[in-house]
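What follows is a structure written as structure tokens; I'll ask about it next.
Note that the chains take the letters A, B, C and D in the order they are written out, and that residue 1 is the start of every chain.
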Amino acid sequence: MSPVLEVSNIHKAFGGIKAVNGVSFSVGEGEILGIIGPNGCGKSTLFNCILGQLDPTEGTVKLDGKEVTRMRPSDLNRLGVSRTFQLLQVFPELSVRENLILAGQEHEGTMLSRFFGRRDAGLTEKADRMIGFFKLGHLVDAKAGGLSYGQQKLLDAAMAFMAGPRLVLLDEPAGGVNLTMLGDLKERLRAINAEQGATFVVIEHNMDFVMSLCTRVLVLAEGKVLAEGTPAEVRADPQVIEAYLGH
Amino acid sequence: MTAPATEGSLPQQRGRLSRVPSFAAFADGTLVTLMLGAVILWFAPAGMGRYGTYVLSLWLVMSIAVMGLNLTLGYAGLKSLAQAAFMGLGAYATALLTTKVGPNWYASFAISGLLTFAVGLVLGFPALRVKAHYLAFVTLAFSTLVWLILRNEQWLTGGVFGLSNIPRPSLFGLKLDGALAFHRFVVIVTLILAIALWWMIRSPWGRAFTALRENPIRAASLGIDTRMYTLLAFAIGSAYAGFAGALYAPLVEFIDPSPFSLSQSFFLLLMVVAGGAGYLLGPFIGALLGVVLPEWLRVVGSLYLIIFATIVMLLLIACPQGVSGLLERGWARLTGKDKAGEAKVANTGGRS
Amino acid sequence: MKSTWIMAAALSAGLATPAPAQDKLKLVDVVELSGAGATAGTNWKNGIDLAVADINAKGGILGKQIEIVHYDTQTNPGNTRAAVQRAIDEGTYAVLGPVFSGPIGASMQIAQRAEIAQLVGGEAAGLTKQGNPYLFRTSLSQAAAMPKIANYLKNTVKAGSVAVVWVNNDFGKGGRDAILPELEKAGIKVVADVATEQGQADFAADAIKIKNSNADAIFVYLNEEESARFLRAAKQQGISKPMVGETTLLGAKVIELAGEAANGVKGHVGLSIDAPIPAFQEFGKKFQAKYNYASDHNGLKGYMAVHMIKWATEKQKKFDKKGVADTLRGATIKPSDEPGILMETTIESNGDLDRESFLAEVINGKQVINATLPKIKP
Amino acid sequence: MAEFIAYLIAGIATGAIYALAAIGFTLVWQTSQTINFAQGEFVMLPAVLVLLAIKLFGAPIWLGALIGIAAFILIFGVGFKIAVVDPMIRHGVLPLAIATMALSIIMKEGAKDGFSAEAQNFPSFVPTQTISVFGASISLQHIAIIVVAFAVIGLLQWFVGGTRLGRQMQATAQNPTVARILGIPVERMVLLTFVINAVLAVVASVLISPIYLAKFSNGEVIGLFAFIAAIVGGFNQVRGALVGGLVVGIVDSMAAAYISTSYRLAVPLVLLVVIILLKPEGLMGRKEERRV
């Protein structure tokens, strides 16, 4: 069986600066892959190249064996690839429920049915379930902008899962989240991984979070893959200790 | 971090000008206001004379064009500098069809809308492919080119001498030639178009418009085809200008290229902002300031233009949400509701 | 919801028309005070104000003082229509203006429906061909002026070929459409037909083009400022062929702005403050004193328009709106009866005017009248 | 040939004016990411203010010029930045762009109602004579425009590239955040940009008004062409605005000569559309990375 995501030899240069310099990896069904590396190692640029938000200078991205390089983010999302952002990206003027309906509405029906059909695109129940799952049930009708940072992080994640994606790319999900929330988040992610068989790729700084969540870890440095293996293997790799854990 | 720094910066740039105050919030209040407004306007001309009636009709017709631009600017965050040109296309299409070709006004009205919608798609596609602000450049060029064609192709458009004796439509065999009858017709058409827009804004489309204006990158990552929605917002906004033109021609019974020039497009943009971009009722207020205010200020001669522009400038500095935003603020203060309370109201509305 | 009602009430209050004051004669002038027609419109307005001041100082019309109101049209047909409708709703005695043909076309049916005389400043030939008995010009139509130009080009200038430069608005296009057949009739070849934009500032390319056409003479049909800019550009390109124009080209404003470049310009003049008629010169002085600049023909038109109304009212000896139009139609107004008309004017039944006009030339920065042309139907 | 040279010189002279206005355009764009829709009025107004000063104070020409120009730079360089841009930029660039549309109306109508609805003569500082080059008559005024405009643009290039202050200004324009970290007084640099914009407008105004005459509505055409020039040349480059201005000026002149005069205005606009379709970053512009 082919891997869910297969990234081959991605290069990305900004002017003369090579942010990503030939990265290849693949992710299998149901895996949780962590990508770590020091600041500026090209993690986010890599993400953006995979997700069609930047055009890679070179290289290919395959989803279920089908090439999706340079596909527009919205099309990619409708193929079942979803993401969260490093910086908070919820819609502050919409309520929590509206945020989730928004995250699901384009996956149902046609443009016409979205115009003439129901206002909630028939998604209220599903949204409420998702809200409950992420323990935001008491906040369904609150404006997203009024939520605490941690709650917004949960909402952000909930939005990424709303449409039942095959593959989710999480960009620093633990950043700025307090410990209790972090536990919640990790637990939710694991549950979705187990229940829905969704595949994850996680960029993260929080080593504990990565090591306890991921099944496999990829270490990037200076735009290249430095090491790859299970959390235990990576932790033991002297090169990684030198480049990343060392400082 | 090098690249991701841009992630957060773009949405902030889009500005708060065109905030939709929880687009569900006033949905039903808006509908009621629209209905009530229509009833009032139906009877309003009593005792106003033909001039007052005419100005009211002109106000409504301009409101339709401003409504369309509000969709483009207020909901989708795009600068179109060709709204008056689109209105011209609609007006000339209707005038030529009804006077020279022969279909009735209703068919001409529909054709005007379809034509401007299609032209909007054709214009918007290459521009939006590049960058949102290129739409401003392309529409600027388009606006002037349309004006040149309207002026130069005298065999078709009457050139600088314009087209006169544009007939007014009839309804179920009822002649609408009188000022009052036609005014009431305009009220009905405006109401229908406003309700259509109201419906769209509260449908999933409206949610998508809000999303792509607030944060297009996040919206795209949630499967929202931002290019399609942006294009649609622009094309539908342009079609509204076409509809407005189709009413303008029989209202004035004469058209020449001057009301469809670039400066008129600028003026329409100012009306959107003055009324409150992103508010469904904003265009009516904006057009009121742009069309009716000059009538009130006739005493000061041409100074009213300065007065209008100054009002817009002050509004932009003090309250970028325009008069609608001011009214909303005033209402909140009057009823003693704070921001949180406002959110609560908003969301009970959202459940219905 | 309450606010909606209040707004509606305010709206109707604002748009309801106040009853006209009974003791005064209300005249409404609907004119281009902003937009493309602002320059012409401002002259027209000032001419009207001057006439009203003169008439009121001498006791008004049939003892009534005139109350004059000016409404700006923004040079926009829709707004013009609104303003004319408003004027009529407010009970204006007659409608004055506008000056541009487009706005006239948009508003003339309204005055016609109300059976109220409308005295306009437009010169486009088409206006009086629509059978509107309530429309009156205040100057010669282009259809009347252009044959005189063609004659002049043929007999006086002796041009075999001519370049035509015109402004692409209703005024210029109308003039151009009127002169071309006349030139053909006179056997004069048109070797260049150059359209320019209203408000155009840069005439260098146009001047080069005309220079290269090697025409025997150049017929310039532009608005005042554009005329001046063109004359300057033509001088810079060293064009030495005679420049021939109609009224505007020889106007005071053009001479002031073009300076030396205006010297030698010649042509036909319908109305001019430099005409060898004392009344015109006196008007010019009064205008200059009041507004601190020299009036163009639009100022004269506005001044005459008010006096046409005065004459008709005094002739019918009552304030009958419809009667004004009926009295004016087909009438001949003599300066001896009404000095404010400045020169004898015959109003034809379609609203066109017939008057004497002049052939003039600019010499040393002054308009000099060479000859007076008789009325078409003396 | 003589004919062609005459058209070319006329085109370059107008193009130089468009370039001056377009450079101001790009400067304002770089520092505040906004399109100044009042740019044409910026070129129209200095001449009107000079004439107004002469009229109001009965001052001699040089004094009137001094007062008018100083007032303009103060109001529309410093004042524009402080009273319009600063309070508005926090709401985003869209309101600011629209505010400049309102400003253009205020400037235009203000000039009309406060000064004159009619065009006025503006004194020329060069004689109105012509010289003959290869059989084409070239006016000294056109030559003066070209020489002065190029000198000013050269001076600006030298200032931006060759002086400390200029480099600081450029750094601010390219990345205000980094500039601030480097200790550059960003606010003052932005203000300087606006003052330079005002100075360029003054130069253009003084150069062109003897030919165009001072009139409230002159800004419409100049603004439109400066806008086209900036886009054609490339919005993010001073060099682009220069090239764009010249290209548009020459194209316009040639269009008047060899294409239907009633569609003359269409030619630069079609050029604009073609550029947007084929090379959206402009002739000289840097390609901007697609934003994430």
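Annotations
Throughout what follows, a residue touches a chain if its C-beta (ideal position, glycine included) is under 8 Å from a C-beta of that chain, and two chains touch if they have at least 3 such contacts.
Computed from a predicted model, the values in this text were never measured in an experiment.
Following the contact convention of this document, B is the list of chains adjacent to both chain C and chain D. Here the chain-to-chain distance from chain A to chain C, counted in touching steps, is 2.
Farthest chain from chain D, judged by C-alpha centroids: A. Computed centre separation for the pair chain B/chain D is 32 angstrom, with centres defined by C-alpha atoms. Centre-to-centre separation of chain A and chain B, using mean CA positions: 39 Å.
Taking each chain's centre as the average of its CA atoms, chain A and chain D sit 48 Å apart. Spacing of chain B relative to chain C, judged by their CA centroids, is 37 angstrom.
Contact of a single residue of chain D with at least two other chains is seen at positions 109, 112, 220, 262, 265, 292. Within chain C, the positions touching two or more other chains are listed as 34, 36, 38, 168.
Of all residues in chain B, those that touch two or more other chains are 3-4, 7, 151-152, 217, 302, 305.
Considering their complex, residues 14, 17, 19, 39-40, 44-45, 48, 51, 53-54, 72-75, 77-78, 82-83, 85-87, 89-95, 97-98, 101-103, 105-107, 111, 114-117, 119-121, 141-143, 146, 159, 162-163, 171 of chain A touch chain B.
Within the complex, the chain B residues that touch chain A are 1-4, 7-8, 11, 19-24, 200, 202-205, 207-208, 210-211, 214-215, 217-228, 340, 343-344, 346-348, 350-351.
Chain B meets chain C in the complex at residues 32-33, 36-37, 40-41, 44, 47-52, 54-56, 58, 151-152, 154, 159-162, 164, 248, 251-256, 258-259, 288, 292, 294-296, 298, 301-302, 304-305, 327. Interface residues of chain C facing chain D in the complex, by the touch rule stated above, are 34, 36, 38-39, 42, 168, 194-197, 199-202, 204-206, 208-209, 212, 224-225, 228-229, 232-233, 235-238, 253, 256-257, 259-260, 293. Note for the complex: chain C touches chain B at residues 1, 3-5, 8, 11-12, 14-17, 33-36, 38, 69-72, 74-79, 81-83, 85-86, 88-90, 101-102, 105-106, 109, 124, 126, 168-170, 173-174.
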